[in-house]
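What follows is a pair of complexes built around chain A, which joins chain B in one and chain C in the other.
Here is the complex of A and B:
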């Protein structure tokens, strides 16, 4: 039995062979051979034939459902306050490889020990969320008599996130080196080191103090613990994958971000490819549409094949096409033609669009195979 | 202290704002101030704005004092008797016009029953929120607002009697409907607007059902018998104009039957409808390419007039003839003179348009569609009482559009045609559906408007009861005869040698970028090449310098103007547009080379 299966190794994919192998005890020899033969035929049938224009078929497979997509940008991820951009704009964002995306967010999964405990999850969420000084202050005021800024602290909030006013003063003093930070009961007093400073400077100090980073992970502006299935996960607005992955309680395997550039930087290009597949599938499913996974995989390969995440733009994948005419027919034709003329580029006319321009048969489908005539050797004839 | 502004310019202050405003309003109502004056009090900023400028949108309202409308029954009876006019009501201070600003200071009641002490004005009629054409849609308050928009849009495209002197007019691209009817289900604005004097549709019997699938996706099925009885027939008018222009050196165009010597003479057959003066005779039925007005023009360039030239006095043929696909009968011929004193001839062609596949129809509720099939009367479905619908309308057009008004009009139309009376379908103030149903029941029909129907082909009874009614249907001005277009070969552009664009010029149909992608996706490489062959040319390339060489067809000799005779020169096939691109690059100082490779070498 094993031998027969071994014969098909390399002909049928291993995953299929394993599946057949695990069920082979229900079959006799003849049946097994028949199953393998039929699997092989089905596999061969599913293969793409040489000369199939997969690029255009993929483009059309995205383009047709794209016309049905609603231009609705935002979608509330279950609960209010946190929204994620979806639909056609998000799809364009991915395929163009935008550096700054509209709604960066993370999906943080937790380790088994703590993903069922609401209090623990909330605690971790509080650690992750970035806190700036202004969020801890109920009232800022400028004392004109003493020329100083007075900030009234929110006691409850400070207790919630688990720090003391002393540490706040310490952090403030470290970041705002040009001023003196003092404590006065519930208040924190900020004063410039220079005496008799002007009002504008005090005002500037107040604005600067507001944005002082106190606690948490930079970039994560909102956190939202959500129950999904039978575990709690944390959704965030704003991403910082590198810092979040360093937290002990977090499941490093499942935690993801929707910023593909960040994934490529932190986890590598293969992870970015998978992220493109996941994000794209997500968008399409959300719209109630269906696109074959192979098209999505193909486009992800195109975007990441150079080792860097590149979009389908004139500065990305399209701009790196070999043919001058193909590049010129996409965007900014004059630029491409002039540069080609300056460096004396040669166009081999190997792709589709150039041959359409020249009215030659395009090298896909029936245009791909060539007849090779074998000329009789002249010497032999003599 | 309140600031007062006249047309946004500060003019002074008043101490008691309310008293001031009341005085202004009273004076206006007493007709001592112009009725065009509007005053607005902004209480928050303590400012009064008086506006007398042009271009403000204003609307009339009935004035209310102490919770009592100033418009009384006596006014109404006097209005009816013609003793009182609209302008009298304004003079007497019963109705006033408010602009958008002054409206902010008012409290307007929708109906007389709603009036309280606080109200300052009363709405004349709730239908005032709709425009005139939109008000013509019956039961509009039962329909979806978006459909109401479209409904009023399609009404403007409906064919009808657009002007009663249409026989004397020379309008371009107009149609006149034969046998237009006044609608059974109507609003009071049909009477006010004298709609019956210029109706734009016909009352038809309509069944909501599917029949043999020919009315899918908004298309409709028409009864051939109804068409033969004259349903939705129209006349299409198209004028042809020719002017006898005058040129330099005393030359001028001449309207005549062209001489055989004339350059570009067509053939005797083409001029057969022309009378001696070079113009067609009325009631001549013309077909494609027949000449309407014969004309010759002097040579285009004066140089051609040189004394010793053989072609000296040859004139050009410049007649007006019917274009591809056009036909019709000459309706009238008009000979006159224009402002410059040139002879001007206008010929109006009339074409009888009988409904055909693809003509566009619509109800008044934004339910438009084209004819999908015209079925013989004997094959149409019929009701138990033998009624055969004129139109079959698809049921799938109703749920997503939510045009309940369409259904109610059918019901109301049925009642109206059975009772022999007009039904008031005025928006917000119509006859109630419940009453219509009761009346329908009295006539012996089901109160929901459905009837048992039978298949006209097999005679079988349909399982479902079919909703049948009468409604006003419009034939829209979009007819296939004006849009149908196809071409095999024809005129090309001078520059690119590609086919020209547009139906009127007999242009080609573009196989666009996305269509091209379809060919590529199918791998139909050679089919794609063949489709884009319209501008192919054969050029000769010098294999040494890669540029175009010269091929002398007489002596069959190839030369390259740069490299001479002793080089390999090969002929290749290219699109002319690409040759043009290479030429333009050369003009820019870029040197494009074509490097050739043998097709048979591997």
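Here is the complex of A and C:
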């Protein structure tokens, strides 16, 4: 049985073959062959013909389900989970290739040794989470008599994340070079180097000290260990994929981020394409809708075609179109036409939209083939 | 110890990264003739792309990418190497 299926490898997609294989025990040899032959015919039939207007079909396929999506999100999507933007806003975010996304997050998978041990998972989560100085302090006060800032440390919290007050002082001294850092019992005292400094300066120092980065991975503001299936993963708010991938305990193969620019930078443009596909599919699935994978693959191909992740905006994919009329028909038409006139641009009328504007047959479907004639002298030469 | 992890990290072993291969000159010509196109018409990839770092590509090379596609039994994709910015 397996042999027959193997024969069709390379002709029918692997996903379809697997599906047939899992149900093949109900069939005899002859029936199986018939199924495979019919699948092959159906697959060939489903292939797209040259000249098919796939762009418009894709746009329509996204447009209709888009009307049924959540148009705006305010709430936490669940009590224990982190806030993730979803629905139409997220879809727009992906397709516009926004540089700063609303809810950056990572999904950190762990290596097999530690993905079942709650304590280990919590420990790794603590390593990843960024800690600023203000989180370790229960009370900030300004001592007017001595003109200094006093910070009362949270002893329990410091023990939890596994550092000592001495290292905190060291880090503070390194980052805040303009002041003197001392310890006084449970307190940490910050003083400016200049004698008799003004109150505003002390106040500024206090605010600056609050944001000093003590420990963890920069950018990761929240961590949340969650059980998925039979392993623990860590969800985060804020991303820093490059740093996280360097941690030994995590699974470098499965760990992902939802920031596509970051993926393009760390893993390359092909990974970014895959990320667009996955993110888009997730958004659509979450809303209980379905769009054929081929449309999603097509749009992610378009977004990554130039080697850089670019959105469908006038500074991205649309702005790079060759035709003036095509660009003008998207956004800011007057600007494009004036600029084209000033620089003497030529429109070859090779594509669809400019021919629609000029009321001419468009090069799509049956409008695509051209008549090519053999010229007379060319024939004589032969 | 830390250095070994970063070394490994230079070659993205990630589930999102498909196999990238460098085409030889013959294969390049074969491809361009087969589809009757010039290199300019191919999709691009930056020289600085992390996924092709270990191939040491030059500008103008063609990279063959073998993706795991759900809808196609074998789907080679080609990108031409361009200079980064």
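The definition used in the following text is that the second predicted complex is superposed on the first by the 320 of 382 C-alpha atoms of A that agree within 3 Å, B and C clash if a C-alpha of one lies under 4 Å from a C-alpha of the other, contacts with A are read in each partner's own complex, and residues count from 1 in each chain.
Definition applied: a residue touches a chain if its C-beta (ideal position, glycine included) is under 8 Å from a C-beta of that chain, and two chains touch if they have at least 3 such contacts.
All values derive from a computational prediction rather than experimental measurement.
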(message) Given the alignment on chain A, is it a clash or a fit between chain B and chain C?
(response) fit
(request) In degrees, to the nearest 10, note the angle that opens at the C-alpha centre of chain A toward the centres of chain B and chain C. (result) 130
(request) Could you say whether A:162 touches chain B, chain C, both of them, or neither, answering first, second, both or neither? (result) neither
(request) May I ask you to decide whether A:333 touches chain B, chain C, both, or neither, giving the answer as first, second, both or neither? (result) neither
(request) Go through the superposed model and pick first if A:360 touches only chain B, second if only chain C, both, or neither. (result) first
(request) Name the chain, either chain B or chain C, that contacts more residues of chain A. (result) C
(request) Go through the superposed model and pick first if A:341 touches only chain B, second if only chain C, both, or neither. (result) first
(message) One more residue to check, A:59. First (chain B), second (chain C), both or neither?
(response) first
(request) Aligned on chain A, what is the least Cα gap between chain B and chain C? Give it in whole Å. (result) 17
(request) Write out the stretch or stretches of chain A touching chain B in their complex. (result) 51-53, 56-57, 59-60, 337-338, 341, 346, 352, 356-368, 372-373, 375
(request) In the complex, go through chain B and note every residue touching chain A. (result) 516-518, 520-526, 528-529, 532-533, 535-536, 573-575, 577-578, 581, 585, 590-591, 595, 600, 602
(message) Looking at the complex, which residues from chain A come into contact with chain C?
(response) 9-15, 245-248, 252-254, 256, 263, 265-271, 274-275, 278, 293-294, 297, 301, 304-308
(request) Quick one: which bits of chain C touch chain A in the complex? Just the residue numbers, please. (result) 2, 5-6, 8-9, 12-18, 20, 43-46, 49-52, 65, 67, 69-74, 79, 82
